[in-house]
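When the chains are written out, they are named A, B, C and D in that same order, and each has its own residue count from 1.
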Amino acid sequence: MTILDQHPELRERLHELYVHLHQHPELSMQEHETAALIEERMTGLGYEVFRCGGTGVVATLVNGEGPVIGFRADTDGLPLQENTGLPYASTARGTLPDGTDVPVMHACGHDTHITAAVGAATLLAQDRDAWAGTVVFLFQPGEETAAGAEAMVADGLWERAPHPEVIYGQHVWPGLAGTVEMTRGPAMSYSDAWRVTVHGRGGHGSQPENTIDPVVLAAHMIVRIQSLLSREVAAQKAAVITIATIHAGLKENIIPPVAEFTINMRNLDADVRQHLLAGLRRVIQAEAMASDAPEPQIEELYTFPLLVNDEAETGRVVDLLRGVLGEDQVIERPAVMGSEDFGTLPDAIGVPGVYWFFGGMSSEVVESDEPVPTNHSPFFGPVMEPTLSTGTTAAYEVLMSRLRVQ
Amino acid sequence: MTILDQHPELRERLHELYVHLHQHPELSMQEHETAALIEERMTGLGYEVFRCGGTGVVATLVNGEGPVIGFRADTDGLPLQENTGLPYASTARGTLPDGTDVPVMHACGHDTHITAAVGAATLLAQDRDAWAGTVVFLFQPGEETAAGAEAMVADGLWERAPHPEVIYGQHVWPGLAGTVEMTRGPAMSYSDAWRVTVHGRGGHGSQPENTIDPVVLAAHMIVRIQSLLSREVAAQKAAVITIATIHAGLKENIIPPVAEFTINMRNLDADVRQHLLAGLRRVIQAEAMASDAPEPQIEELYTFPLLVNDEAETGRVVDLLRGVLGEDQVIERPAVMGSEDFGTLPDAIGVPGVYWFFGGMSSEVVESDEPVPTNHSPFFGPVMEPTLSTGTTAAYEVLMSRLRVQ
Amino acid sequence: MTILDQHPELRERLHELYVHLHQHPELSMQEHETAALIEERMTGLGYEVFRCGGTGVVATLVNGEGPVIGFRADTDGLPLQENTGLPYASTARGTLPDGTDVPVMHACGHDTHITAAVGAATLLAQDRDAWAGTVVFLFQPGEETAAGAEAMVADGLWERAPHPEVIYGQHVWPGLAGTVEMTRGPAMSYSDAWRVTVHGRGGHGSQPENTIDPVVLAAHMIVRIQSLLSREVAAQKAAVITIATIHAGLKENIIPPVAEFTINMRNLDADVRQHLLAGLRRVIQAEAMASDAPEPQIEELYTFPLLVNDEAETGRVVDLLRGVLGEDQVIERPAVMGSEDFGTLPDAIGVPGVYWFFGGMSSEVVESDEPVPTNHSPFFGPVMEPTLSTGTTAAYEVLMSRLRVQ
Amino acid sequence: MTILDQHPELRERLHELYVHLHQHPELSMQEHETAALIEERMTGLGYEVFRCGGTGVVATLVNGEGPVIGFRADTDGLPLQENTGLPYASTARGTLPDGTDVPVMHACGHDTHITAAVGAATLLAQDRDAWAGTVVFLFQPGEETAAGAEAMVADGLWERAPHPEVIYGQHVWPGLAGTVEMTRGPAMSYSDAWRVTVHGRGGHGSQPENTIDPVVLAAHMIVRIQSLLSREVAAQKAAVITIATIHAGLKENIIPPVAEFTINMRNLDADVRQHLLAGLRRVIQAEAMASDAPEPQIEELYTFPLLVNDEAETGRVVDLLRGVLGEDQVIERPAVMGSEDFGTLPDAIGVPGVYWFFGGMSSEVVESDEPVPTNHSPFFGPVMEPTLSTGTTAAYEVLMSRLRVQ
């Protein structure tokens, strides 16, 4: 039983909003139309709104004396060609910072986050007698690049908005729609990303002896990095290092002067993280030395912090949502190796945060033999219901549990 | 002493032609303006001209009874940004077959080949009393992609042009300008190129266990290929395998479904070549199997044949050019690992071919401590003289040695 | 406060026993003198004794009506040269199954296990009025090779000995002497060991092209196996694969026909184990294929089962020992990646087992900056006290907690 | 037609000598019984004999005025178990310098060298009227370890023996028996051997994070070394690097502190050799750094010099032997990648040396589809004839060609 069962026409409007957002995804830190739409909606509901961190939107509703509570929804899409086959699939395009024209898709489901937040915000705005206090909605841009939360804080978020005593957030994922899952304590991993530029010396492919081959060197680096994980991290410590991109060379017979690859590393433990960051530098430098190559350049792209859910508050939210959604629908689970900059917002003012996942998949998809498409897949397409109702209900009920007038 | 010392105003015109060609390089099989220019010049000299193989130009001058002799010059540029600092450096751009816009440069010096051929053709046309017979100039496109000679043959070259009893060709290179070098027997290597598409299964960078990582797989392939050379080829057999391009992935936290790299292999021995072609397939398939990945796709891009200089005719040319250019200026040398599709033209009609190199570097460059920029380098810029005079003289004298009226 | 404080002369005799055992370690399944000594001691205490599984000793004391309770102590040493510098360091030698003469050392501390078991057995034998029931001491050989527990069961252990309702066991380790640590549920990992024989084709080192080099092949296998862990196991799943031995070749210029290495793999999850067992076979076969080598032989050396502590009984033991040894001295801890065949004994009759660790290091060692020598190190030398008193007390008190007459 | 056709009973005695030598091989620098036997035989023939370099034997016959000519035969066996199935196969054993007991076999055929040298020495001794001058037979120990020639020179060889104006030597190999092959100029490669001790930090196999794994590190070194050859040596330059031995670890669950492997490298070019010696150090050190391991130890085991046959004298020998053995039986061939310390003997006094190969295989073996067993194979067993007659004849005729009284 979700709150939207009692508000069928709000549900309909949320579906329309969702479809619109889904068709108009924007790249990280370029969420201009999305921000404008959110501003318009939230203003229309009576919220006081300001822009923050470029395309971030902060919407506050002061409703008498009472606690200040925060809720964060992130808003950016991803550079992927949607392949869901949905009638409302995205055909949008965008421009990466390096000028490349790319397709854009809400492949991480942030459109459901915006929709659920607007849904909860609407319910709060419609029934102001039921609660007292202040609610602060933080529509955060640039989550995918770990840039948005920091940009909002740097842009004076907490000088301009009231300080909540707790901030909540949520994320759709490939669980069964209607369910919610969350973790006490460390819940989402550190995530560090680097760009490594491997310098060699180019030349003709027939004379490698006159070159320093950056392709073979990069291959040796990538292979050698695997041994870091297998030999230098204790078996029960979580760690993953992914090299998802590598680019070098234009012509099959010209050894290029440079190869470039990226590293993404995730951990749940500060010591393991520090050891591996140092280990990666060590391996990269040593392999360059083995090829008699110049020192490679390492550019730090971002660091997602460890997302730590407040243990007590998480316990309270679990109990609360079990009451609302049903005992079986709310699951406590181990940490995930995905990452989030959500924690940056509560951490900046030293207040607790709680962050949960809500499912987006139909039971047919979940129970099928096919692998379930995950976030960031071109096939990731949440079912609208009960996904949106569950997200809206979770947001609304958790907020109301702190604001409700008894 | 070169033939152009007696023709100073021809030298001047050849310099102008060279500068023009240098500034207007075109990509392989797209040499439209170059072909038009050659047609115009050769027609102006009285040659009978036809197009062949798209942008190839065949120019024949029948001058009475006598032998038919061929001379080949290749015409294409390369997708590089010229960095020679020359006043006439190229700023041209072109479009690769995949649609990419790229800078273009005569980084392999084919502009000197055209110029020298036009120079020799001019001298022959100007003094028809001195010789008798037929000369066939083959301006061949697409040497860099091993496509041009085959395209000309496939387009009916030898049904349309008279069959020479021998065909000559030459190439500028980073030797001392004024010198000529050549090899009896096998002179330039086989060269095979493949594009390998490594299929994995994409997914989120935090969950490699749900993917088949094509980047790590490609790195293992590249590393494993090195052992093919080091363990499966006899120490005294020449072989080189270069992987000059690799491309995979767009985002640092999305493991891509596919990685793509190219292989370029060169040999001087048919057995070694066959062993390594099979070995490459074996390694690529086995490494895919080690990752439980689908079979990779291998696309054969081209095969350059072994260029074999006719031994007797090469000996004759060496002696001849020593007489013309000076004993020390003509050097016999071992085979080179560079490749050429020159051999395709004489091989198609079973006549001998002879191919030599002429130097393009000043003595300052050759004697300096700096590495000499080689063909395909953005810094490769031959000095105009004595490079062009030497190329023109060599072409002219070798042709005349067979055509001259005693 | 340990039970031996009240029995100072027993403590003295146990110290003598320990020193003797430490000086006379024997290799797995060859514990002949050790078994004879145990038999003599236990018989002297009034236990009924029988041999089982070769060098295993089962000692039973029936003391009236009451529960049957089991306690297991393992007895074998390791092929290492002791380097502790202790006055009673081992100088013993033994013969491996392959005939190699090796030094032997109680580097895993099984001498403390025997001593503590004999200590507890003595206390039980001395004060039979305090308890009623039957106690079964299982002195198990060959723990290091996973052979001993199976050998005892195969030799009819449970047809010959009374069936305990629960079996306990303990292990010394490099924790602080005086402390005890244990884990509820899965407590010690699966451990599988293989010997891999890599077949190549030998020949002269100057002509690798006429050989299939098993050394380079084995190196590629070892490197490739690292990627199994880094790419095919989820970040939060425990797994470790160690290749601790490799042997190939006798002479630096003769490529040998064969290389041999061992694999040891540990996991806490049956699915991960199955995936990696299959993955190891896949990688080994694929790399052999990459070298065009014959299929390597894989010999399965042993499989240690997952050791799972009964959750309820473990909880009871934790509480009990906290009462005896002090609240801070008994620690609940996560699983360890070490392995044991202890579980084979209770599993064979479907009764619960509980297994704990007791510390063996002085506070100086534990607090020093130097790495603490661990089990299987030539430097591993437990301090006698409070190590032996703690082990004896833990064994005695846990047994008495089930046998004591109220 | 060989010289032994005229001396059937000498042939018989040589066969007996050969069988005896074959059954009594001795390890390098331990050729005590072999040396004693040679001394006895040569003394019996009237040669003046002295020991040199431990187990080296120098036997001189002064026969009037005339040139001094040298002939060298090496005498040592190899640590292999003979597997030829010959009735006179070796069952001998020996002790390596490290104390290991090993089987010993004349797997390199030095027994044929001794036999042929004794045969030639006998013919010279028997017919002193036919020649004049001095012949010096150098029976050299320890060729396999590059120790013997140096040991003889260091032991004052050239202070004690007359200086020959040229020194000859020969080696049996898997060519057709009856044939001889040789190379003008550089004929046999440089050969360098190292022992590399890779230091890590040992520990339990379940906790690699507390160790520095020398096995994985050694595997990375071995893999990385392959890229040295494939990327840093020009395609037409001969080079081979073999790692024929690796040894680490005793127990599958104890990561050892150390791994040890050997390197054998061969080249025909001093610059390539220097580059690769430096490159090997670079790779070994860099890989240790990548593992955060201590600097590995590199022990230089030996260096075989480049064997360069005097060009003019080789030409003379070719012509001479063609006259004796038949035009087709004497083949000029490219250099081989095998190595020899033969050159050390003439180089020490600056005189020319000439060294050739004589075949040892029957035509059935050579023509069969099976790979021919090569030197250092346990299956290497030359047929006695015409192998021994050819070796004896070549030695005798070449010596006589300089000594014969016209």
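Annotations for the structure displayed:
By our rule, a residue touches a chain if its C-beta (ideal position, glycine included) is under 8 Å from a C-beta of that chain, and two chains touch if they have at least 3 such contacts.
Which chain is which protein? Per UniProt: A, B, C, D = Amidohydrolase.
This is a predicted model, so every value here is computed, not measured.
Taking the definition of touch as given, a chain qualifies here only if it contacts chain A and chain D alike; those chains are B, C.
For the copy pair chain B and chain C, the superposing rotation over Cα atoms measures out at 180 degrees to the nearest 5.
The greatest centre-to-centre gap from chain C, using C-alpha centroids, is found for B. Chain B and chain C, compared by their mean Cα positions, are separated by 68 Å. Spacing of chain A relative to chain B, judged by their CA centroids, is 51 angstrom. Computed centre separation for the pair chain B/chain D is 45 angstrom, with centres defined by C-alpha atoms. The multi-chain contact residues of chain A, meaning those touching 2 or more other chains, are 189, 206-208, 213, 216, 220, 223, 226-227, 230-231, 234-235, 240, 266, 337.
Chain C makes touch with chain A in their complex at residues 189, 223, 225-227, 229-231, 234-236, 238-241, 266, 268, 334-335, 337.
Interface residues of chain D, counted against chain C in their complex, comprise 78-80, 102, 189, 191, 193, 195, 202-208, 210, 213, 215-216, 218-220, 222-223, 226, 240, 242-256, 259, 261-264, 266, 301, 336-339, 371, 374-377. Residues 206-209, 211, 213, 216, 220, 223-224, 227, 230-235, 237, 279, 282-283, 285-287, 289-292 of chain A touch chain D in their complex.
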